[in-house]
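These notes open a run of structures that come right after.
In the two complexes that follow, subunit A is the common piece, with subunit B as its partner first and subunit C second.
Presenting the complex of A and B:
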């Protein structure tokens, strides 16, 4: 019917292949002219690669690659990778965030050394995230998770003469190394119980029952810990404020949006495919009920993130805690899954995915606005933001859009995505999760509106000097703002796609 | 054949030694060594149960884990090097410019 069907199967991984080739091309460009200070070519190549990968993913998604209409998920390399609607949907999130970050880095990195390395690390991390979305075996999950993590450590510590950046990189690395060791041990325990690493085979073995319930439970718990690190959820969240605050702001944007979404992508697949709730609750009288675990983590994560954000004086750190809070909202997608949920399971998981897409735009935009303020040298606290709107009204308008959208106020994308998420949680019978989420959203309005108030209402204590007008940062911030606004009228197709592809997992 | 639960005990012991080292040591290099111990605990499990289940999946994955551990150390040593340059030492508790 469509020309897609004539492509070989491995072509379904084209987004990941394009990203990997882009990373290599960046290294090549950097090798040819290592001393060049003109990063236009590097930023352009990286952005083009990310957009190309995103374009292919969108094309596949519209064409129905790996979905029911064209014969179901495409599984490759002995089931190690699988391309389905969910992996393509997440690829779209990663690539759009990556494109915004690389465009913004054009200005942010203008005076820095090692620009070629920066862009290639970003693209390689994006490759790892795309592979995380496709992973169908615990082995590929672990390898792709590390492929996304290792460049991230280096990126956070990128400003190697800046003590904040080094400290952030160190803490991110230490917690990351710890959690990946815990994650590997969890995988080994699951392997001990089931004798397989491929997710559907793990599920098939577990369906036959096992006597090693304790070992299995511990393994599942440790795997959940690995995902908690990647998504900055309790109990492995404490790296996030430091890493986001100390890292170069575009890297904070990248980590808090794309890296978090990648953690959720792989967590959604592992828990729904390898440990289906009806299977694991049948073993050992329901002692391995991960849905309850995620419900607890969701409540603690969103409450902790929002309360800590409310006490911050530093805008970047406030956003870091707010991103922990949003991890809590997205966790509802796993928490509200029930044994006899049927279609409601796909709905709540899809709503969580749609929220991550909207979040990718609004949160990246907010961090990139901070990058712009850092570029202007205005400082980092709320007081330093006083009166920015009088000097840079367009950027301040964009930031206002991000703040209100993050808080979940109506005419923006963040409102509908949160609404859909809480609504589907209630549909699944988890009205108390939705209630905790709604209370937290109301609280979050307090600290988000502080930024808006500082920018538009307060008078600056000293005269504001805004030197340059960074073109790339403006483009990225405005793109993110337009995306955040357009996702309100355009939310219907997004949520329908997300819920369809999520339903395919069950 | 040694019963499989002994391997689980051994790996759990190695893992716990790793965690203990990680929580008590302040030297970043010792921290890295502790993480290596924890990863090797996972490797013990993978190899032992690969034998128990009669397939090579676990053994192959162990090779991946080893390679990734090496890559992680490479990145980690780079970060520890800049830590040494900026904070005059490899004590992980020295780097505290950010506080909540």
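Presenting the complex of A and C:
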């Protein structure tokens, strides 16, 4: 293994640099001949770029970049960026989802215009997400959050002739702009209290004590609100069902897997590094107990997401509410953090990160299956999915894998990740969080199996015609299914890496 | 007393005085609406048609691109200010120049793409081009 000390320090951000260069390359490819689009070249470049960035992140992670064994986290550009294990782990999540989405988009966009714009927007959003994982300063958090969000607004409204897409894009954009404003105001309040935007310096200033506990509390609440928007947690989840339903299905996959994970990456880092629980609960005369806040948010999000999903008739909307529910499960990672938790804090945060990785695969796969169904023009409700298994058994099997994995049933990756998450929550003393999670998982099995039942057992009301076998979509869906299945035996290295990198934050 | 009271008083008077003048005069003056009084003022000309003119949508693209490059200009200014002193204090030309070249390069790629894809082409709506040819023929 090449000694990483020989590379200059700025090369630690190589995944982000590769993604940015890929985005610019896509724009240049689109410039060559403005009147025609080479869909294959664009999709290929985007996928290669995403895979290259993911490969570099995996290489860095295995080589121990940014971890204690090689000298600790790498801080760059005046503490604006930090490259440590957690940022590399999340980069893996983003790039794997991006690669699956770009491969699937090759088929989905085959008849659309503006293909070059689509791929470059996806890659720029992925660059923003990678930078979100690496941000060490509230200013960088804000800028990278916007870099990840603005292309997403355009991507949701991509189908310019489809009213649902435009409406979804407008709603997403308006709510997103409002949340960014709230987030920026929260950052300004924290700056007013501490005088610094760099996360470790904020923590150091708070450790010295401050009288402005109310202002700090309000700032922390508003920052939490901004993150709750990005991760589609209650009470800022209202944009999610609309955006996921109206957007083109690969974009829904991208948003619900990668964008959500990016929101969690930055929430984990800001709350554990800038507002460490032992500092903010013992400050001045008051206490800013954000773990209680997140526990509340987690319970409400899980419950609302799952109960709302159970009442839906539209499969895409059901998946949208289910992804809100999964955001609730991942919030357990922040909710179960205690002041004297020690190693248990790293365990539960790492379990939440591992769950986001597994979730990336199964959720992307589910939405890409919906993309396939949209391509076939079969419709959007559960009844329209009747009998798909007789015409497309491989795709239906993959969808069954995704549904049961999302519900947390045994032989798939979703089971171990949820088990690890609930187990580490119990180890931290939050048995009631795990109980709520388990009850919600059991409930979710109901609506996930509705899809499976429709595909395999029900008879279609009129004969199904499935015209083509779109290669790109098939490759992406099967890759996601294989990943979901392999993450059960392969979960051990994932959870160990995640828990090690999470422990480095405490 | 706090010094800020003076600012508050100025703000209050600044808002209140014009409002009070308008309110008092509206109460005191007789109301005699006439066509000559309520017509739009057009510097002495007789106004024809409404003021609602449809602007060419191309101005939106111009404004968008202007905004991007204006912000780029603003962000270049701090760099130019420290450029000479950074070189004098021993930073190599590469470390001072390269980040700004990368920044401008990214925006140039965007500009080339926008140019080639017709963002700065002056387009007219079909209705407007028809009207132009009609007026030319007339």
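The rule is simple: the second predicted complex is superposed on the first by the 499 of 506 C-alpha atoms of A that agree within 3 Å, B and C clash if a C-alpha of one lies under 4 Å from a C-alpha of the other, contacts with A are read in each partner's own complex, and residues count from 1 in each chain.
Everything below uses one rule, namely that a contact is a pair of C-beta atoms (placed from the backbone, for glycine too) under 8 Å apart; a residue touches a chain by one contact, two chains touch by 3 or more.
Every value quoted in this text rests on a predicted model; they were computed, and no experiment measured them.
A.B. asks: Are subunit B and subunit C a fit on subunit A, or do they clash, once the structures share the same frame?
C.D. replies: fit
A.B. asks: Let me test your reading of the model: by the given contact rule, A:24 touches which partner, first (subunit B), second (subunit C), both or neither?
C.D. replies: second
A.B. asks: In the overlay, answer first, second, both or neither for which of subunit B and subunit C A:150 touches.
C.D. replies: The answer is first: A:150 touches subunit B but not subunit C.
A.B. asks: Just checking: does A:34 make contact with subunit B only, subunit C only, both, or neither of them? Give me first, second, both or neither.
C.D. replies: Second partner only, subunit C.
A.B. asks: With the two complexes superposed on chain A, say which partner A:504 touches: subunit B (first), subunit C (second), both, or neither.
C.D. replies: neither
A.B. asks: First (subunit B), second (subunit C), both or neither: which does A:438 touch?
C.D. replies: neither
A.B. asks: Using the touch definition from the top, say if A:192 reaches subunit B (first), subunit C (second), both or neither.
C.D. replies: first
A.B. asks: Looking at subunit A, does subunit C or subunit B touch more of its residues?
C.D. replies: B
A.B. asks: With both complexes overlaid on chain A, what's the closest CA-to-CA approach of subunit B to subunit C, in Å?
C.D. replies: Superposed on chain A, the two chains' closest C-alpha atoms are separated by 6 Å.
A.B. asks: Show me the residue ranges of subunit A that touch subunit B in the complex, using the header's touch definition.
C.D. replies: 138-139, 142-143, 146, 150, 153-154, 157, 160-161, 163-164, 166-171, 173-174, 177-178, 180-182, 184-185, 187-189, 191-192, 195-197, 215, 241-242, 245-246, 308, 311-312, 317
A.B. asks: Could you pull out which subunit B residues touch subunit A in their complex?
C.D. replies: Going through subunit B, the ones touching subunit A are 4, 8, 11, 15, 18, 22, 28, 31-32, 35, 38-39, 41-46, 48-50, 52-53, 55, 57-58, 60-61, 64-65, 68, 71-72, 75-76, 78-80, 82-83, 85-87, 92, 95-98, 100.
A.B. asks: Give the list of subunit A residues in touch with subunit C in this complex.
C.D. replies: 20, 24, 27-28, 30-31, 34
A.B. asks: For the complex, which residues does subunit C have touching subunit A?
C.D. replies: 106, 109-110, 112-113, 116-118
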